[in-house]
Amino acid sequence: MNRGVVPGGSVLAMAIISLTGVVALLGRFPGLAGVDLTVEAGEVVLIHGPNGAGKSTLLRVCAGLLRIESGHGQVLGHDVRSERPAIRRSVGLLGHDTALYEDLTVTENLRFWARASRVEEAQVPTALDRLGVPSRIHDVAVRHLSAGQRRRTALAAVVVRRPRLWLLDEPHAGLDAGGRDLVDALVKDASSAGATVMLASHELDRTVDLATRHLAVAGGMVVGDHGPEVDHAR
Amino acid sequence: MLADIAAVAGKDLRIEWRSRVTASQVIPFAALVLVLFGFALDANRPVLERATPGLFWMTVLFVTNLAVQRSTSIETSDGARRALLLAGIEPVAVFVGKALAVAVELLAVEIVLVGGVLVFYGAEIDDWGLLVLTCVVATMAVAAAGTLLGALVAGIRARETVLPILLLPVLAPVLISATRAFDDALGSVAVQGWAWLGLLAGFGVLNSGLGALAYGVLLEET
Amino acid sequence: MTHLGYLLVGWGVWLAALALYGFRVVARGRRLSTRVPADRQRWMTTRDRP
Amino acid sequence: MTTQVAAQDRGDGDPTRAHTGSRATRGLGLVVLAGLVALVLLAFFAAPPDDEQGDAVRLIFIHVPSAILTYVAFFTTAAGSAMWLWKRSSWWDITAHAAAEIGVMFCALTLFTGSIWGRPTWNTYWDWGDVRLVTTLILFLLMVGYLVVRSSGGDDPAVSTRAAIVGLLAAINIPIVNRSVEWWFDRTLHQKASLTDGKLEDLTLFTLVFGLVVGLLFFVWAMIHRFRVGWLEHQARAEDLDEALEARRSEAAAAGSSASGGEA
């Protein structure tokens, strides 16, 4: 099975994401109204913009979850129109909702996830440990977890997969101070290991230093794209 | 592939087991329907005996609607549908796994129902082999068609009402065939039970085939 | 003529259904055409495979 | 078929139409009207009563064409469904929907005229032992399900895909339904292939074929109009989307200029 490795191509030399004129619909509403974007390997891209700007929609398109209406592009070397299953298999997405089965325990959820992603199940305790999920709740159904604990579990599911592209939608939301620091550390680790990170966030104070590039999104389009220096100057 | 199927089926069965809905609500519901049919037919033994196969399979169809409804809601709640997509399991494996889980639940209900018709309706079984095979084959067929339609209505807001509108007409031939096969197995009417079993198998194969092909298309239609 | 009642009901309903459907579909077309600008009504005059 | 008829209308010279008619459909419509009048005259006054059925045979002139058109329509729906899934062609999607709507109407009329005919002939409105009757009923229920899915709302291509799968599901299950009902009661009251028996009077046969032709012409007329309605709906949505896109882009432009202004 194709696990997202580009045959014969150097991963570092190519763009991880390249989108041209991408329009994506949410029902009949244009969530993205024509996005052009290229992201190179190893970048940490901060996406910011007002509510309803299209940040989450952009992340969902990059994850291969949304059919695009027009435009074209590639993510991790797979076509965003015709090869969405391959994209979905390769990325790590943390969405608004946590993508966990409510009636399964933390461990069961992650085991299912690991098995589906073709990852050793032995990685599960390590990932949970990394996210500071205490072992006393490993066997508790997700239904009974607090919002912060769910969030950490969902992040652990991303970590288990060791993706080359991390797509984090408001990763700091609902987390305590310790959890927020943990997210920062995860992003730094992923980036230094050569992975690419896109994160949508309103917490500019916290994420400004993490990011190597800032993307302003409004009206379903990219309206500003620059390095971290501008915001530092401000 | 087989491991993926097992993972999906195991997950669904575990969720179902944990919620105890099958054990504590669906099985009592099925038994209740049997008892109520008894009242409706005025506890008339000959009529009940004649009607037993039909009542049995009518009840199974009602339960199928419930089971498929629950199986679908597992994947529609919160971000679970997204989890299934992102996990990257082959759609065929998801389809087979979910259908197997539904089939197992239905078989559990059918075991109770067979006990029920023996006790309440005084049914006598002539041909156990035909009875068991009919149950297995019909259940597989019903589960396959149900799982496909469950995925089909998953994105529809009024799915609780749309599902039976689609499911029950599709299952009409199963009702006819399984009832006739039971007629033979219970010895209530002399018919060619094994020929009916063949028709059931044909239905199962056709609908499983379409399900396996169409399930991925439906999952992709986010 | 025998069975005249059955014949009249059968034919009456059949003709009425056809007429009703015909009127309804034409009315829908009229209502919708006002909403769609002329340059999008290509299907009237050219091959309309999109 | 629709495309060809539409293509002949170039001479109409009416750039802003407010209806789905064209010279061809108006002509066809007049032919259908004349045909229906002729059919009524033929059926009631020209064709002789049947030896066995008496005057009830006059219902056959609309029952049989309705039944044939039902199956023609649903075959079109199945074909359109397959083509939508294969090519994602809106043309076929709209055709499938149009055929299903007209097919459901003819299916209801088939069942209705069938039971009206059955009462004087078989002495019952409904006969469970009749294969074609019961199969047609199940087909009717399946296709009503198709229309329910069509009207259930949601993401547009998703609705088309769901409906297409229902269309194919109906198509593959109908032979099974037919077989199971046939075995269920292996007797049937239905007229067995009366057309090939050769015992029908010439004028009766002529009226039957004439009814079929008139029905077919109505079907074509209705398909053209219904297709155009579907196409207009499609275009209205495209128009709405263009407007929404424009609004969204001007929102982006406003945000972009204010952002660059702030930094300057």
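All chains are identified by letter, namely A, B, C and D, in their written order; residue positions are counted from 1 within each chain.
Throughout what follows, contacts are C-beta pairs under 8 Å (C-beta built on N, C-alpha and C of every residue); 3 or more make two chains touch, one makes a residue touch a chain.
The structure presented is a predicted model; accordingly, all values stated were derived computationally and were not measured.
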#### Entry: Two chains sharing the most C-beta contacts
C-D
#### Entry: Distance from chain D to chain A - Cα centre to Cα centre, in angstrom
47
### Task
Mind checking the centre-to-centre distance between chain C and chain D? Centres are C-alpha means, answer in whole Å.
11
### Query
How many Å are there between the centre of chain B and the centre of chain D, using C-alpha atoms for each centre?
32
### Task
Round to the nearest whole Å and give the separation of the Cα centres of chain A and chain B.
39
### Task
Name the residues of chain D that each touch 2 or more other chains.
154-155, 157
### Task
Spell out, as numbers or ranges, the residues of chain B touching 2 or more other chains.
221-222
### Contacts with two or more other chains, residues of chain A listed in rising order
67
### Message
For this structure, enumerate the chain pairs that meet the touch criterion.
### Response
A-B, A-D, B-D, C-D
## Note on the structure
Note: in the complex, chain D contacts chain B through residues 85, 138, 141-142, 144-145, 148-149, 152-155, 157-158, 161-162, 165-166, 168-169, 172-173, 176-177, 179-181, 183-184
## Note on the structure
As the complex stands, chain A meets chain B at residues 63, 65-67, 84-85, 88-89, 91, 93, 95-104, 108, 112-113, 115-117, 141
### Query
In their shared complex, at which residues does chain B touch chain D?
145, 148-149, 152-153, 155-158, 162, 165-166, 168-170, 172-173, 176-177, 180, 195-196, 199, 202-203, 206-207, 210, 214, 217-218, 221-222
### Task
Can you check the complex and tell me which residues of chain D touch chain A?
154-157, 237, 240-241, 244-245, 248-256, 259-260, 263
### Message
Under the stated contact criterion, what part of chain D meets chain C in this complex?
### Response
3, 6-7, 9-10, 12, 15-22, 29, 36, 40, 43-44, 49, 54-56, 58-59, 62-63, 66, 89-91, 102, 105, 108-109, 112-113, 116-117, 119-120, 218, 221-222, 225-226, 228-229, 231-233, 235-236, 238-239
